[in-house]
Amino acid sequence: MTGLALQQYLDFAYIAAVVLFVLSLRFLNSPTTARMGVLCGEIGAALAVVATLFNPEVAHYKWVLIPLIVGAGVGVPLGLVHMTAVPQRTALSHAFGALSAAMIGIAEFYVGTEPVTRFQMGEIGLEVIIGSLTFTGSLIAAGKLQEILPQRPIVYRGQNIVSLSVLGAALALAVALVVNPANAWLFPIMVIVALIFGVLLVTPIGGADMPTVISLLNSYAGFSAALLGFVLNSKVLVVAGALDGSSGFILSVIMCKAMNRSFSNVMFGAFGQVQTSAAGVKEERVVRSANPEEAASILSAANKVVIVPGYGMAVAQAQHKVRELYDVLTKKGIDVRFAIHPVAGRMPGHMNVLLAEADIPYDRLIEMDEINGDFPQTDVALVIGANDVTNPAARTDQTSPIFGMPILDVDKAHTVMVIKRSMNPGFAGIDNPLYYMDNNLMLFGDAKQFVGSIVRELGTGH
Amino acid sequence: MTGLALQQYLDFAYIAAVVLFVLSLRFLNSPTTARMGVLCGEIGAALAVVATLFNPEVAHYKWVLIPLIVGAGVGVPLGLVHMTAVPQRTALSHAFGALSAAMIGIAEFYVGTEPVTRFQMGEIGLEVIIGSLTFTGSLIAAGKLQEILPQRPIVYRGQNIVSLSVLGAALALAVALVVNPANAWLFPIMVIVALIFGVLLVTPIGGADMPTVISLLNSYAGFSAALLGFVLNSKVLVVAGALDGSSGFILSVIMCKAMNRSFSNVMFGAFGQVQTSAAGVKEERVVRSANPEEAASILSAANKVVIVPGYGMAVAQAQHKVRELYDVLTKKGIDVRFAIHPVAGRMPGHMNVLLAEADIPYDRLIEMDEINGDFPQTDVALVIGANDVTNPAARTDQTSPIFGMPILDVDKAHTVMVIKRSMNPGFAGIDNPLYYMDNNLMLFGDAKQFVGSIVRELGTGH
Amino acid sequence: MPADFISNLYVFILAGFVGFEVIRRVSPLLHTPLMSLTNALDAIVVVAAIIIAGRHETTLTTVLGAIAVAASFSNMVGGFVITDRMLRMFKSGRSKQS
Amino acid sequence: MPADFISNLYVFILAGFVGFEVIRRVSPLLHTPLMSLTNALDAIVVVAAIIIAGRHETTLTTVLGAIAVAASFSNMVGGFVITDRMLRMFKSGRSKQS
């Protein structure tokens, strides 16, 4: 009877956790309530973990508490990484999550006295395959983002056929296990094949496509947790996994839409490897450039300035200098806003986090759809390390690989100034006609240094 | 094995039905996709019903098919009622739904060879009580709306105590049955007491509060279906019930907000019975009135007209004449829009349905929050049978019973014309200072006739 | 407390969240059709009534079941008919203005 | 097909709908914190890992379980820490502009 009563407390703790998880995500719909959302998530997770420690099946606390302490010891530093390292941290945490899901699935296969049924075998097989491939795939993605591994897409002829055969082999092994679960020796082979597939899946994808890949891996990690919930008949896992899975899926769809590309193009397109050849037939065209002093004087003559940050600002870690620029200009009474393209930078929302880190108030960060109408009334659009997301060819040139991608219409501002180090193309590998326009000035240099020089100029003379 | 296979088909049919039900409601978020929503709902319901007919437990088709035919025979005419009868039809259908839920719960009590467990008894008891009180409560509501029963709130001293004791008695009987489910003779008494409570619950509430009551009964009917799902372990009932329950609940909250009243005030406040005394100390104030000819000439001189329909337009069935007025004015190049207050009329969205019935395009129907800013630029606000929803006392007079209720700011238009039959107050029973304002003209008469006369005048002279 | 109860509770809570999120976004224009549509969907209790009536266990339960079948099926049919009728009336200015 | 599977399928589908509705409305401003928060929530698989490790059935399963506990708990702790850190950075102009 007390055993039954305990089970009820556990059940209700899990139900409360599920409710808190949903509320947690709901509170994230606005920055004012978002921290409340984290609190809800924390309470829900704590409830579930503590309840589980009371589960009578948990008899050997040594094997639980030591790993928990280790986990906390690893988790806290991973929570304190620098903001610019967030993309690779996210990839790494997907790897951890998938590793854990895969290991539980494997343990579930070997645990217990009675052999698994065919139906359970099917669930476990699928779960372990998804978990394993997400584990290695996420590790590769983290490596590329951390620049331990080469960023370029690594491709060879017939690679899609090889990859798909490996996936097919993993699935065939799972089917063989379902047909006869007694063939337990097939199981480790299946795991290894799935691990290999994860490597093959992500290696050919270029570093700049990693954000979409991360989101997809996010949704895989979520779905493997949900599947694990099916295996263990644990509804809290099913719910948390479904929430995580749909979140990753929605983010990947948002990114693909913002790039005007399809899923399969991202996964199999090996984007960003050859298109530089498209820029082959380049005519001599006039490019005007300016130095920090000229840029500062143009800025101080403006009334409305829109700053467009991009990947280059993140790489150069220029956000704090940008904040100084924002301060100086604001103090001069100039209206400064930031135009945020949904796929600027290396992950969805990346620019927002960097600028928020530099203490720029979030109501100055304006989404693309909202700010695009304002460029014709903007005196200066200052592009800092962004390229593709400002390329007017996406609007006008039907032959461009990015034709149809929604972009920030900076070219409609009275004056455009672009801070970048060279005339080199951005991630999409294509020329940007913006740089040859009459109202455009190139500010060649590293983003952090150049912005710093402008701030100094503004501080002294103007 | 085939029995098991059949069970799987049934399970999947129910799951498909659940998915289709959710999609059905999602499609209702915009008028362009709404009919697709009905289609989804129909397919889902058909799937579930047909699947159930294949259930091997259903052995005696006579007892199923004849009631189905009878139900369809009753349902079709109830689906074809006149638009003005929609409120009472809705109340009646809640009564049917609750009747059916209660009867299934009762049958479940008497069915089966083994006696029910205490836990099941608790579920059944709660379900049958909610179902029964919703049944009689909805019948009373339908009677009041159809004006078979008196619309006035029927109150006596100590009525809340009496009602609550009856509810308490029903719950006490349920508890007694849980304590000892063998006391089966208590069960019919519990049902009867719950039926009585339903009558006591709704009778004291005034006819004009029926919309909120209907929504609440809607949510009760939904929750009783969900509870039935718990009793029968039928997830499709749990989901459909939860969707219906939350829908009714949300609509009641919206209405209460739009009236700036609380739930308990609606349920126990006996609103609309005595407040007429508040209008006692009336000073002689000037009211200007006009005839159809004058009204027509004012309208034809306008550029922007906003029509504000209310309960009186519904009662007078004036919507088709209003459509003629809209046509004549539009043909003269006048911009005509309709301002829709969330609680104008007798149920949420009532005005929209009536005006849509009269073929007025829905993009001319503007919600309160959206149109309120436009009244200062409006030449003529023509109020047709609306009163409380235009009462400026809600904005200014802290002592008014409707103080704080959001209203349509018709008094800010250059000219206001109000069609109603007399100076009598509306549902809230209070005087409307709008009628004494300088820019206001009263057009005394029945809405349908008066609008008809204006149309005739506009057709001839102007 | 039976395990079924717990799993039904999950379903109920999640369906409540779905209902809340979805219905809050139904256009106020369509609040009347919303009421009649949810009514029709709620009439899915007819599936439980069919089983009670079709089992034909005792006269009492069969009669109760048969009444329940008729009552809820009339709701289902009538609810869909009137919702569709109402929605057919909603026309946008662009598509119909002659 | 076990009955549990069916009820888990309901829970999965409904939770998917909830996720879809709720996450579509997360402000794009917060898409990065969203990723780290869902990561922390997903780390709830730690509860399954705790049971596997705590049962201590065979050495293999215990080791697998213990690794899983450490890996997922580090996600949980790290995910909440970094999400909260990020969100603390978001300040509106009204509240902080001096």
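The chains carry the letters A, B, C and D, assigned in the order they are written, with residues numbered from 1 in each.
In this text, a contact is a pair of C-beta atoms (placed from the backbone, for glycine too) under 8 Å apart; a residue touches a chain by one contact, two chains touch by 3 or more.
On a predicted model such as this, the values are computed, not experimentally measured, just so you know.
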| item | value |
| --- | --- |
| Farthest chain (mean CA position) relative to chain C | A |
| Winner on C-beta contact pairs when A-C is weighed against B-C | B-C |
| Centre-of-Cα separation between chain D and chain C, whole angstrom | 34 |
| Distance from the mean Cα position of chain C to that of chain A, given in whole angstrom | 41 |
| Distance from the mean Cα position of chain C to that of chain B, given in whole angstrom | 16 |
| Between chain A and chain B, centroid-to-centroid distance (C-alpha), Å | 46 |
| Contacts with two or more other chains, residues of chain C listed in rising order | 1, 4, 7-8, 10-11, 14-15, 17-18, 22 |
| Junction residues of chain B, two or more chains touched | 22, 235, 239 |
| Complex contacts: residues of chain D adjacent to chain A | 1-2, 4-5, 8, 11-12, 15-16, 18-20, 22-58, 60-62, 64-94, 96-97 |
| Of all residues in chain B, those that touch chain C in their complex | 17, 21-22, 24-26, 28-32, 34-35, 37-38, 41-42, 44-45, 48-49, 51-53, 55, 57-61, 63-64, 66-68, 70-81, 83, 86, 89-90, 93-94, 96-97, 99-101, 103-104, 106-108, 110-112, 119, 214-215, 218, 221-222, 225-226, 228-230, 232-248, 250-251, 254, 340, 342, 347-350, 352-353, 356-357, 359, 361-365, 367 |
| Contacting residues of chain D [partner chain B, same complex] | 1, 6-7, 9-10, 13-14, 17 |
| Touch list for chain B against partner chain D, complex | 4, 8, 11, 15, 18-19, 22, 235, 239 |
| Residues of chain D defined as touching chain C within the complex | 4, 7-8, 10-11, 14-15, 17-18, 21-22 |
